[in-house]
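Several structures are given next for inspection.
Shared between the two complexes below is chain A, which pairs with chain B and chain C, respectively.
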Partner chain A sequence: MNQPILEIRDLKRNFGKKIALDGVSLSIPTGGVFGLIGGNGAGKTTLLKHTLGLLSAQSGSVRIFGLDPVADPVGALSRIGYLSENRDLPDWMRIHQLISYTRAFYPNWDPEYAETLRRDFELDPNAFVKTLSRGQRARAGLLVALAHRPDLLILDEPSSGLDPVVRRDILGAIIRTIADEGRTVLFSSHLLDEVERVADRIAILHQGRIQLCAPMEQVRSGHKRVQLRLSSSVSHFPPGGIWIGGEGSRHDWSMVAEAEIEAIREAVSLLNADILSIEPMSLDDIFVARTAGKALVAGGKS
Partner chain B sequence: MHIHISTQDGVPIYLQIVRQVKHQIASGILVSGQELPSIRDLAEKLLVNPNTVARAYRELETVGLVEKRRTAGTFVAEGLSPLARREKLRMLSERMDGLLAEAHQMQVPLSDLIDLLNQRAKAFPQNSSIQNPENHAS
Partner chain C sequence: MTRPIQSPSVMAISRVLFVDMIRRSWFVLIIGFVGAFSLPFLILGVLKAKGALLVDDPAMILIHFTFAQMMGMCFGASVLHAAGAPSRLYVLPLSNRAIMVIQMVPATLMVIGQTALSIWILNLIFGLNWPLLGNALAFGMIFANFQSMMNLFQKSLLMLPAMILTLTLESFWVKSRHGPIFSLPTQYWTTVTLMDWLVFAFAMTLSYWIGMYAIYRSRCGNEIQTSLIVYLSNLIQELFGKRTKVFRNAGQAQSWFEWNLKGYVFPVIVGMVVPLTPLFWLFSERKITALLEVLRVEGWLLSVAGMVSGLILGNMGLSDASIGMGQFLGTKPLATVSWSRILLRTAFQSLSLGVLIWAIIFSLVLWGGKLAGESYPAELFPWWYFPAIVLAAWAAMTFALCVSLTGRTIHMKILGGAYCGWLIVFTTIGNITSKWIAELFYFCALSGFGIALFLLTIGIWGVAFRRNMVVLRHAIVAGIVLTGLIGLVGWQFSNGLPLPTNNHGITPYFLLVSGLLSMVVFPFAAAPLALAWNRTR
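Moving on, here comes the complex of A and B:
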């Protein structure tokens, strides 16, 4: 496509003895929606904070728009809109104060767009941030993240804990942002339904490592659930090869394969087994297989 | 245009859009010359990535079911009937493949399946929606 908007190389981060990021490398192209998925404590927020320069790399490097966000925070942050997981906003401000306060930081602030968003989101200009409901607080955070029309919109768990109406607003904002030529969205989520809807590319972060990073379509078409029947009973499924997880007993196994149909047929015929069915998988199932199913192949892939 | 997206059954979203538009053309809900929503509007309505909608529209254009008009938008293609019939048969074939696979999995032989299909057809309320809706070409 074109040059990456974000390039992370071998990023490592410990908090005391806890390893939060264990050698993360990630390249995010300009344009489109990138979904970062992972369970609680996988390291998503820590990774996003590095891209914003809120944390500096202990080892490895982070480049955003080709800049080091720690060395050049103004250059980087002026082109980013950010909604944090905790939506930390100044509680003592009124909405109109929050808007004019934030505006002062961004030369590209679009007051008309800010006003449109404020009305769409039904935010009362005189309400104190402190008194906002969860949903209204998320909308206020989204407004100040969007109104300078950032090149890169970063959202950390934008929908968590929100009702469906506010989630619609957030997904709608993501879609409108990239529908405007050339802009990029990076968002983290554990709600895989929405990731599947809006992301062009995804990365799965698990225990501080990237397990998988690919275009959504490739992730979807590259994983299949295979029901098969072995000719002889086994207590453990032979690990490795195309199989990344699964379960079953004796003759009957339900396996997750990372392969195209041809390769699956070949692998199954080598096992002297019959294929009962080959089915596509939802992103949800793929995620579970990639993160929880590790034990099964531990001996196979190393 | 009403389209329902599900992320549970593993069918890619662009394919769900393609199938439902095809279905609506085949069943006469969408008619020749009718304008489809813009990519952006449909993406916002379905809450899916605009590239996904664009891909679905491209696919529909490739098989000749819709046409892009310069500067205007995307429209259901003119004079669709013969193609619509072929599409209908193809859609049914897809459904049948699924049925055959399921029958195989449950070890129901083909002859039983055909008998069952005949039985169901007899039980089906004849005069309601099973008429052929092909004559809408005007």
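Moving on, here comes the complex of A and C:
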């Protein structure tokens, strides 16, 4: 196991009465692509802001490269590339000014790479940032986040504003490239298909808490959708055990299990039920089961 | 049977938007109203307290003329801010005509109402007999013109000459209602004639149609029409903007950023206002000494421009409304202390350039006066005048910068509220209590304010020192500078500075000025703290 590039321990954050982060602990190893997924308002951006030192921990700790980003912003931020969700680039700058300005902050800036990216992204160096389309703006933000070849690239909802072709080609290629060079990418998204495509590890954040944190393969192989028929009719599926969500009524239930096949068979036999099918699940289904499934188990079909 | 959809009337929408405007901007409007009202109230209050308020004195006409303009401009600015850009209404099912009416009518009526109300209150309190209607209508008209021009020319370079031309013409006309155009005001505008009403009607109609055209054009997404000035501006941008600047380090890049975005504000304000002084001087008796006197007052007013510029300079947000630091800047690997020094250096450069503009114009006038054989009273410009206006402007600018730098608008609101409350108490205490209590109050208030500022500075330095944002060497230098300045003030006070006299002597004034002087070194500790607080929330 690599040394963690980011170590978060029992991080709590409230905004007034609203709990944004409720004791989050997370360790991200060096190298690879880490996907942080969660619905709107789950706390993803808040968590990323803590890693950048834009928010200070009310309790708990954040260490990035072993540094406190609030106490040592230069040490931490000079090794990070960041693309924010709202792409708040200065409208009054031209692209070449934006590149030149950003370059001054990073000793490792690679001007040739920056120029390659600029050409690939089809950005006119004399265009003002305010005249860029949403997609172009995201590309400009990506350019200045990437061109100093950061040890850690943090992308907050990188896909919003990019059309599907650009999303697939640019984002996928960049994320893989960075990861292949031994660098780390941390990106948040609620578009789960792209997370599934590129992430090596994921964490599901729901209502300010980490619901799951594991390698992508383990997440996929560890969750199954089980169609089963109970011998007796029930209005509520018996809670607990390997079942983390599902729906159904009376005899027929479609349940989500977090277990290997043998454990599933054992659990089903204890219920005196028949297995109709066991299917692998998409990350989308796993996410829904993880974040909404418990209510369905308790409440029956909704 | 399907009932046809009834669209709400313009009146109903206008009413909703008006209520919304009040709800959103009540604080700005109150500040505008109190701000507009406070200086006339303060000065008239002082005159009354000194027994120098002579209602029938011809000099009161000039005071009335000046105050009416100041009140109209001050409140008009806050109404302009509250009304906002018409573009926010473009997505509503409203015709261009309706948008124009909604945008112009309530705001204009507010300006007319405020001017009339303020004059009426001043009349009531100070027993004046200033006429209400003429100036109130005139400032409503000027406001409507100004608003339409802003919509038409937006932020283009054309806006400035257009505004100057319009305001100059209107100023000539308003001045003509107070006597000959090129002299001091000689009469009150007591009667609004039929011709005056026709001028109002013409100007308002013109504003309406100009505004309509501006809305029509920008609602279609059309750029403003290119003029020679815009063409030249584009040409300059093409020639010089394309050059890629290479920065040696992050500090240099950030200095460039701060200057290009905000640093020029102070010199631009000074460069716009001070050169107009000789123009407006044409309206008066045209004596060089009078012009010098105005420039002398403008020297003190540099601190007001400095305060406005400081608020802008400390804004690390994406817009005027959002002053919290954005993520683009917040994630730049630049140490907070270095960054705050860059900001202070930008403030210093900005201040230096603005003061230089003022000083050049002042010197030219002085030189012109000497050539014309007119001498000025030397006591108006004692040795400490120039350092004092520079230090005052620096302190005002950097204090405002630090307040804005916290990234929290609540601090501006608290300061604005405290200022208004303080002003009201300060100006009314003499009228509502006995002289002895009032003098005790002034003694405690002036001394207390000075001591509070001094303690605030020491406290901020202590916190910054504890957080390693300043070191002992900085503290020693700041202490020496402050001690030197206070020593100079003490020496000057003991050598007879002309001050208002009371039973308590010069002590409260000395404490007040010492406290104010501590604001000169205040920002060196406060700026990094404020920036850190803004950067990490």
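Simple rule for what comes next: the second predicted complex is superposed on the first by the 284 of 302 C-alpha atoms of A that agree within 3 Å, B and C clash if a C-alpha of one lies under 4 Å from a C-alpha of the other, contacts with A are read in each partner's own complex, and residues count from 1 in each chain.
Quick note on the criterion: a contact is a pair of C-beta atoms (placed from the backbone, for glycine too) under 8 Å apart; a residue touches a chain by one contact, two chains touch by 3 or more.
These numbers were taken from a predicted model, which means no experiment stands behind them.
K.L.:
Mind checking the superposed model to see whether chain B and chain C fit together on chain A or clash?
P.N.:
Chain B/chain C on chain A - fit side by side.
K.L.:
Which partner chains sit in contact with A:277 here, chain B, chain C, both or neither? Use first/second/both/neither.
P.N.:
After superposition on chain A, A:277 lies in contact with chain B alone.
K.L.:
Could you say whether A:21 touches chain B, chain C, both of them, or neither, answering first, second, both or neither?
P.N.:
Neither partner.
K.L.:
Look at A:105 in the shared chain and tell me whether it touches chain B only, chain C only, both, or neither; answer first, second, both or neither.
P.N.:
second
K.L.:
Have a look at where A:220 lands relative to chain B and chain C in the superposition and call it first, second, both or neither.
P.N.:
first
K.L.:
Once the shared chain is lined up, is A:198 touching chain B (first), chain C (second), both, or neither of them?
P.N.:
It touches chain B, and chain C stays clear.
K.L.:
Touch test for A:171: chain B only (first), chain C only (second), both, or neither?
P.N.:
Touch status of A:171: first partner only.
K.L.:
Tell me, in angstrom, the smallest C-alpha to C-alpha distance between chain B and chain C in the overlaid model?
P.N.:
27
K.L.:
Using the superposition on A, tell me which residues of chain A are in contact with chain B and, in the other complex, with chain C.
P.N.:
none
K.L.:
Which part of chain C faces chain A closely enough to touch in the complex?
P.N.:
Checking each residue of chain C against chain A gives 241-242, 244-250, 252-253, 256-257, 260-261, 318, 326-328, 330-336, 535-537.
K.L.:
Can you list the chain A residues touching chain B in their complex?
P.N.:
Where chain A meets chain B, its residues are 32-33, 168, 171-172, 175-176, 178-179, 192-194, 196-200, 217, 220-221, 227, 276-277, 279-285.
K.L.:
Give every residue of chain B touching chain A within the complex, in rising order.
P.N.:
5, 7-13, 40, 43-44, 46-51, 101, 105
K.L.:
For chain A, which residues count as touching chain C in their complex?
P.N.:
For chain A paired with chain C, touching residues are 49, 52-56, 70, 73-74, 76-78, 80, 82, 84, 86, 88-90, 92, 94, 96-97, 99-101, 103-106, 125-126.
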